[in-house]
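Pasting the structures here.
The two complexes that follow have subunit A in common; it is paired with subunit B in the first and with subunit C in the second.
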Partner chain A sequence: MQSIDQKTYLEVFEQKLHSIQKLISDLERGLPRGISDDFIKGLKLITEAVETFLRRRVANLKATFASDPKELEAQTAFHAKVALRILGAIHQQYLPLLHAETQRNEYLIYPSIDRALRLFVADSFELTLVPSFEYNYAFEGKENFASSEIRLLEGHSDQGTMAALTALRNNTTLKRWITFLHFPVADRDSALNLCVLAHELGHLVDEANKIYEKLLPIELDKSSFDELVNVRCKTPAAGMGSKPGSPQLTFESIFTKAGVRAQCYISCNEFLERWIREIIADILAIHAIGPASYFAFNDFFAYMGAANTPSKSHPAPAFRLQLILEELKGMGYMGSLSEIDSVLSAALPRVEAGAKSAIYKDEAKVVQETIKKGLAGLLAKIRPVISGYSFNASAYNETVPKVLKKLKAGIAPIEVLDDRTGMMTPASVVAILNAGWELYKTDIAGFYSQFRAEVPKMERLGNLNQLLFKAVEASEILRRWK
Partner chain B sequence: MIRSREVIPASLEHALIANRVLAALASNDLASQESQDAVDDGLRFLGSVLKGGQLASQRSIEADSYKAALAYGEGVKAFELVGRPGQNDDPTPYLEELLRCASALREHAGDDEKAVEDLKNFFRTIRDVALASTERPVETVSW
Partner chain C sequence: MTTDNHFAKEQHLPEGAVLSRETLVRRLKDDLVISPILEPSQVGDGSVDISLGTRFIRPRRSRMPMIDFPKLDKDKVRTFQESVVVPFGEEFILHPRSFVLGCTFEFIALPLDICGFVLSRSSYGRAGLLIATATFVHPGWKGCLTLELENLGEIPIILHPLSAVGQLVLLNATKLPKPPEAKIIPVGPTFTTINEDPRWKKMEALSTKTT
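After this line comes the complex of A and B, so read on.
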């Protein structure tokens, strides 16, 4: 017997459906034109599909279980609960995205991001930049948004419901990828800090090109995995067997060894996928924008006060920085006495020492051991995706100095002289960002000295960021119009 | 970092599969297309549970191993809750027996009442465990 009757479930569903559909429309009105169009269409489609699913399923259940009121009650309640869970997920997970988008969208950098992505993502995509008060950069991507959810409901429907859902799905075509890049609001005026976005874009390139899948299968390290399972089996189960004199219960005595092993395997699976996807994005970003990616990450970790410990979602920061610096070395950096190479070379021993001192235990130990053993092979499979666009040392030396010269003089480096044609040509966005970082890391005092004494230091830095934003935006416009 | 938001998480999908099998068994009409489709999905789910178990024992990570591992985790939980006769710790024979029973039902040869009851208990547990794992807290209090 259900504690809540089916009528209540169905009425609550109707109320919530109406509220959520109204919220979507209200939030849509608050958005700038052209932002997240397909995402909104998808949300509307899912809510309509859930309504179709529940209404038609309930009608079908009434016919099927006309002579079994108890089963009818249980089935109706189950379907209403599923429909309410889906509405709840939309309310909790997707509407905050729409709400955040009503704030500010970074129009200055969007065209450059869009152009870069088209080199690597063959399918249609919708990308939205979402400012966030959580101090974090994040990527979210959905392939075949709405249609995959509706297809799933179709699979659990009777034939009439299935036909109605299929018709609904076929009526709307959305872009293949609906993606969001989250960035901290505090970084919105810093072109230097926003270079972390290259890493987040790396996640989309990974997803769209199925890079992670191409690295599989991977076998988890045996000895550390077995050790993890044994330790977990013997772990005392909190709050159980604590009566004086009674034996302490362990996970193995409550569950089974198979159950403990399954949970260890699930969590290691999750850790490994997340860590490898981070490594993929790191490698793609470092090739795409060169040292600017390293510097932005280094500052980001510093701001986060990140301890050198791994987490469920990320390898240890020092391990990642070491990987990034070694990749730069492989790209020809750190081979000269130039200022930028000196800065990078100086960082390497510190990062190596940090990577050595990182402590790994439990799932992190299993995954670290697994990755360590196969790292060379993983990197060899990731690099070909980006090798044609790698911003290596020779590309740096060819493009950055000219841009840097203008920047040092306080000029937005929008155009540079092309030595081959003798014509002015739009500066490359990657060169602009790297010039900004080189100036910041090697000669910022010289840049600051151009300002009047009363201008605060951080305003001078803000000025550098404005020059960079201006150059990125204007060079992009020039590129489109030339 | 990667954030993932799922409107229909894998556990909710598993609850839907389990419920359809239960509805088919309750309908007393296993010959209907709908019931057969439901039992087919149940068979696929049990196959995925067993595959998850194999992958876990081989420590092998493959493209769909996370989903299979989740199914295996739920299958083992059901084994721990309803299918653990004689404190046997290995869920594989129990899960294989369920698969055999479901296959027999699909071929209209499932007249073993106990086996059908075991199948019902398994899928009822999967449905309840999977649905419960998608619940949201009713209230959050912090100070």
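After this line comes the complex of A and C, so read on.
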């Protein structure tokens, strides 16, 4: 006997379906045209599919179990719960994304991000920027959104319902990828800090092009792996199998050495895949936007108070910064006496020392050793994806100084003079962001000196960020206008 | 006539002389910034057409009973006005006898010897749209100009970002000895800061003395 009867489930379903449909419409009204269109279309499709599923299934069950009220009760409740679970997912996972976006979409930077992504992602996609109060940047990609949810319902359907759901699925074309970039609200007014988004975009490029699949599997470093297995074998398995007063059992005594080895293998590979994907995104970001990616990451780690230790999902911050700086070196940076090269060169020894002092234990140690040994090969496979767009030192020297000159003068660097044609051309977004960082790192006092004495320092910095946003927005419009 | 001759002639322009198209084109390549110029036809004799940007400050209903300028600090202003962004392709509806603060899409930086006046374009004015009341732009000023848009007609007006609603008339001015220090380099419309006018304190002191 169920504690909640099927009538309640069906009534709750009706109520929640109605409230979710209303919420979707309300949120849709709050968004400008062209924002999250396919996401909204997908949400409506899922709710329609859930409604179709439950109505058809209930009718079918009533006919099938007309003479067996107990079974009818149980089957109806079960199917209502399946439908409610999907409504719950819409409510709890998807609607918050839509809601966050209506608060204030980052309309000014969106077109530039969208254009950049289309260079690297051949599949159709829709991108939504989601501000959140949690201080974190994250990428969330849903491949074949809606279809995958509807397929869950198909698993519990009769033939007629299945046909109706398949028809719904086939009649709506959505973009292949519905993607979300989460960024902290605290950084929404900082064009400089938002450069961290380049790393998250790297995740999308990786996901869509399945770069990580080309890099995996990688053979784990043998000696550190064997060491991990030996240590794990002797580790007491707390709370497993031992009776009070009897000797503590170890993992080996419970699972055998081969079993422990298999478990370690699985967990090391879980670490490895995640770390590799972070490294891919780091390398793609550094090639896409150059030193701006390093500086933004450096500030991000500082604010996060990131300990110099790795986690299951990320390598140690210092190791990542070292990797980024060495990649920049390989791109021709730090080879001159320019101000930007001096700043980067000064950072390298500090970062190297930090990377050396990072503490690796257990799986992290195995994965770190594995990556260290195979790093050159890994990087060689990642670089070709973006080599045509790499913002190397010569690209930097060709574009950033002109933009920087304007920025220093307090002018939004929207366009620059093209020496070859003698015409004004839109400044590149990457050059704008790098000029912003160079100014901030090398001559911010000069920029601040344009302001009256009573203007607080952080307002002056805010104004620099506003000039950068303006330049990004207007240069993009100019590019499209032409 | 060579460019040098033009320059020599321009240096002897009387203060307040409106700059010709030829001069404007030349100065735009040099030290006058009105960026971006989307169409060459924007630059005319004596003026440059300016268009509407994406950022607005709109009024909203508030519990504040009245506006008292000396007490109107920035927090109070935000109780009856709010910032909004209207992306390109979207529109802002300006209802009859209401107003909104907009800004120019163009970023402007005037050299130390050029000043300007912002005017409505007559085609819009004839339909009831006024765009500015604070019309003077000082030599050396930088930023996106705040436009005070007002619908004087009887039916709503749709405002489209990028539409060329105004013109900036540019004139020769006595050269400032050094660039003015900025309080802000605006890239959108700015809220009023009238309460910071030092005159209020003197007025207050005066009234204390007389009572």
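The rule we apply is simple: the second predicted complex is superposed on the first by the 370 of 482 C-alpha atoms of A that agree within 3 Å, B and C clash if a C-alpha of one lies under 4 Å from a C-alpha of the other, contacts with A are read in each partner's own complex, and residues count from 1 in each chain.
Just so it is clear, contacts are C-beta pairs under 8 Å (C-beta built on N, C-alpha and C of every residue); 3 or more make two chains touch, one makes a residue touch a chain.
All values derive from a computational prediction rather than experimental measurement.
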Partner chain(s) touched by A:Arg452 [first = subunit B, second = subunit C, both, neither]: second
Partner chain(s) touched by A:Phe297 [first = subunit B, second = subunit C, both, neither]: neither
Contacts of A:Tyr396 with subunit B and subunit C, given as first, second, both or neither: neither
Which superposed partner A:Lys257 touches (first subunit B, second subunit C, both, neither): first
Partner, of subunit C and subunit B, that touches more residues belonging to subunit A: B
Partner chain in contact with A:Ala474 - subunit B first, subunit C second, else both or neither: second
Which of subunit B and subunit C A:Tyr9 touches, first, second, both or neither: neither
Contacts of A:Arg274 with subunit B and subunit C, given as first, second, both or neither: first
First, second, both or neither for A:Met424, with subunit B first and subunit C second: second
Subunit B partner contacts - residues on subunit A that touch it in the complex: 46, 64-65, 68, 71, 75, 78, 81-82, 85-86, 88-90, 92-94, 136-140, 142, 149, 152-153, 155-156, 158-159, 182, 203, 213, 216-222, 225, 255-259, 261-263, 265-266, 268-270, 272-274, 277-278, 313-314
Subunit A partner contacts - residues on subunit B that touch it in the complex: 1-9, 12-13, 15-17, 19-20, 23, 26-27, 33-34, 41, 52-53, 55-63, 65-66, 69-70, 72-73, 76-77, 79-80, 84, 89-92, 127, 131, 134, 136
Interfacial residue positions of subunit C with respect to subunit A in the complex: 33, 35-38, 54, 85-90, 105, 107, 109, 142, 144, 162, 179, 181-188
Interfacial residue positions of subunit A with respect to subunit C in the complex: 32-34, 104, 107-108, 409-412, 414-415, 424, 426, 450-453, 455, 459, 463, 466-467, 469-470, 473-475, 477-478, 481
